[in-house]
Amino acid sequence: MTAPLLDVDSLRVTFDTPRGPVLAVDGVSLQVGAGEVLGLVGESGSGKSVTLRAITRLLRRATVTGQVLWRGRDLLIQAEPALRAVRGREVAMIFQEPMAALNPVLTIGQQIEESLAAHGTLDRRARRARALELMDLVGIAAGAQRLGAYPHEFSGGMRQRAMIAIALAPQPMLLLADEPTTALDVTIQDQVLKLLLRLADELGMAMVLVTHDLGVVAETCSRVCVMYAGRVAEAGPVADVFAHPRHAYTAALLRSMPRPGPARERLAPIPGQPPRLDRAIPGCPFVPRCGLVEPRCPTHAPPLVPVAPAHQAACWSSARVAP
Amino acid sequence: MRGRAPLLAGGAILLALLLCALLPGVVAPYDPLAFDYAALLQPPGAAHPFGTDQFGRDILSRTIAAATIDLQIALFATTGPLVIGTAVGLLVGYYGGVADAVFGRVVDLVVTFPFLVLVIAIVAVLGPGLGNMYVAVTAVGWVFYARLMRGEVMVLRGQDYVSACKVLGYGQARILLRHVLPNAARPILVYWMTDMALAILLGSSLGYLGLGAQPPEAEWGVLIADGKNLFTQAWWVAVFPGFAIVLAGIGFSLAGDGMADLLDVKR
Amino acid sequence: MLVVGPGGALTIPLLEAAGLSKRFPLRRPALDWLRGRPAPVLHAVQGVSLVVNRGETLGIVGESGCGKSTLARCLVRLHDPDAGTVRLDGQDALALTGPARRGYNRRVQMVFQDPYGSLNPRLRVGDALAEALLVHRVVPRAAVPARVRALLDLVHLPADAGGRYPHEFSGGQRQRVGIARALAVEPSVIIADEPVSALDVSVQAQIVNLFLELQERLGLALLFITHDLRLVRHIAHRTAVMYLGRIVETGPTEAMFTAPRHPYTAALMSAVPQVDPGARRRGPAVRGELPSAIAPPPGCPFHPRCPIAEPRCTTEPPALIPRGLPDWPVACHLASAPNARDAP
């Protein structure tokens, strides 16, 4: 098995808040290989977005420990110039709210070309040509005219495509996508997700897709990492995890999804709420809401162990979990 | 440190001033009008903590007695604009339309001129005196309250809970008075407190110019005016009333801050 | 118009809208005014007709700009429609004024999308409920506190919730308060405008379950507006699909989900991400952007993006008519009765 492109090991992120330290990410480990699409899924507060931002060191006022190996080098200890060479060029990121991520006073063309200028050696004409190529690649019609448009002249879906074009300009090897389609309409979401998949395929790009929607994971990802309260609950191939979940939380999450079945059937939400992260949790954080609690669950945090080929779960009751 | 401190500090200052205003005879050590030829232009000392003026009048007592007028000014010069401005702002902000367009032009007109100039102009026409000053300030000052109120109301009228009231069939009066006004009131009331401090300054400025309180009514601005010619020989005659103005301003500001916190239902 | 009610007998629908239209004139740039061009108009709702029966839930689904929120506001008379009628129990609702209008408000209530803006932050929850009860004189004054407690219980909030302010509650709990407030006046119809869209996924499910329960217990008619197709399947007997201000299809939810008759409905169903890794599609369900409601395309509004559009579709707007299946109107020239093999 070839070495993974991205290897995160025991990542821990603590925020310093007025109310005391908050442990947003507690010992997360994950790997992404070349060309793989990893889904990072969890409820709000699960730490998935924080994990993504910790990887590229975008967090402020946070203490980050652990290791983030990008092609063998630990990003967490790189100096600024080396980090900047990686950020944008080798590892790109797109966000949920394109209007917030795009500069409103620059045209789309200027922003794409800026990305190219920062990370490449193309001259002006070459950059322009490449920008047009990118517009075409992401499916924005009438590229030449659209390059001169400002973000506010685009619809939500178009802006997201523009953001993808800017991110892909330097031909990165890994794309980190933080809930890129949550704010979009269903048909547009579908278009953007399919676009991302096609691009990952054509460009041989790996992708980490953060979302709270299991359906999105099922449609786009090859592997999934389920997070809860800052920890990895379960990780493995999508088909395997969805058909045979081995963590009580994953099973409960799958069961709570609205699904085709008898009409007007009651939904089965997971009772209770995610735990507060400003207090240390000695055992498994899912205990208060779990239906399969064993005596050691509240006191001993279950380790992430293999339960099937390439499939790991951190649950003492793993053997008893039924989909 | 936030929390109760501003409210308590401001409240304490204002309470002290209020005491001076209501019971000057009790608080002041001397009769403010009493001349004492034996103690002319005394610097601040044991017998007269604020010194005496050219007639031997105790400055401390004069300053305390003047508090009555100044606090009156704070109240009367602001209440009219508050009430009128709130009412106009509420209606104009909620209903919009032609009234809003007209209101906009009125605001433009008033804001073009410096406030003090307008007030002085009106007082010059009506004649000097506190009563006319109140008229002048009310005639001009309501616009600022109305503008503030209008802004708040325009935001609130788009809120879902206002729509919910309409869907629930509540009458306009109920919606305006029970749902919109209380939620718009906080910034208005805080502005009111600051305005009281500004009103005292205004009154003092007019008093200094001879257009406000007329003798023998003593008001801090008038006291400063009385002391201006003696400034080089007896600085205390003008300075201590000035401190009183500053203190009142600080008191109102702190109290306004504290009130903002107090009114915030989310704490 | 008579419809087949839940019991099978012909009956007058509870709430009926016919040909509703609402336009919003927009500001005209000065240059256009000088050139004499007319002011642009946003056609939010165009010729919408629908029916809500007693004890039934009608789902309304659509993407941004389809007009579903404007439609909801027209039905509760927050907006005044430019054309069309709204009838409650056969009575014209749009002409009502004064006390009669308040009577309409009592029977048709609304639950809003934003749990953070739909409650007066300075009013305690119990007071807000009491106000609704008192203004409409639902119960005598002495009985108000007991009724407030009963309402809170109905939405599964603790009895002491009445003494607290909205900011002390979570989003889901605030929505429950909003529902309780709507229920206070004893409505026959509740119009829920995206009531769970602003909530976390697990809380969404709790509120949807609450609606289901309330409908069973109280026999409410419910108009449930959402953009989430997965949810609507769990709550709506019938669903109307909106696109660019028009309804393109209204039919029995389950049947429509398995065999949609309008191309847009089909695209919508196909675009929803399913939790079944085996059911992946390669290409997107539909191409193109959502056109603007300011200048809707001529003919059928969906034709620029429709995979089966014909020349007729670009000029002739299709009417929302049954086209072969009773009680399942579709606005598509190419829709016909599915043959016996496909029929639900």
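So that you can tell them apart, the chains are marked A, B and C in the order they are listed, and the count of residues begins at 1 in each.
Definition applied: a contact is a pair of C-beta atoms (placed from the backbone, for glycine too) under 8 Å apart; a residue touches a chain by one contact, two chains touch by 3 or more.
From a predicted model like this one, the values you see are computed outputs, not experimental measurements.
Asker: Suppose every chain is reduced to the average of its Cα atoms; which one is closest to the average of all protein Cα atoms?
Answerer: C
Asker: Using each chain's Cα centroid, which is most distant from the centroid of subunit C?
Answerer: B
Asker: When contacts are scored as defined above, which chain pair ends up with more C-beta pairs, B-C or A-C?
Answerer: Pair with more contacting C-beta pairs, B-C versus A-C: A-C.
Asker: Can you compute the centre-to-centre distance for subunit A and subunit B, using the mean CA position of each chain? Integer Å is fine.
Answerer: Centre-to-centre distance between subunit A and subunit B: 57 Å.
Asker: Averaged over CA atoms, how far is the centre of subunit B from the centre of subunit C? Could you give it in whole Å?
Answerer: That pair's centroid distance is 52 Å.
Asker: Measuring centre to centre with CA averages, how many angstrom lie between subunit A and subunit C?
Answerer: Between these chains, centre-to-centre, one finds 33 Å.
Asker: On subunit B, where are the residues touching two or more other chains?
Answerer: Residue numbers touching two or more other chains: none in subunit B.
Asker: Which residue numbers or ranges of subunit A touch two or more of the other chains?
Answerer: There are none in subunit A.
Asker: Please give the residue numbers of subunit C that touch subunit A in the complex, ascending.
Answerer: Within the complex, subunit C contacts subunit A at residues 57, 63-64, 170, 200-206, 208-209, 212, 227-231, 233-237, 253-254, 257, 267-268, 270-278, 280-287, 289-290.
Asker: In the complex formed with subunit C, which residues of subunit A make contact?
Answerer: Counting only subunit A, the residues touching subunit C are 43-44, 155-158, 185-191, 193-195, 212-216, 218-219, 238-239, 242, 254, 256-260, 263-270, 273.
Asker: Spell out the part of subunit C that touches subunit B in their complex, as residue ranges.
Answerer: 73, 76-78, 101-102, 104-106, 109-110, 112-114, 117-123, 131-132, 135-136, 165, 167, 178, 181, 185
Asker: Could you list, by residue number, the parts of subunit B that touch subunit C in their complex?
Answerer: Subunit B reaches subunit C through residues 159-161, 163-164, 166-170, 174, 178-179, 182-183, 265-266.
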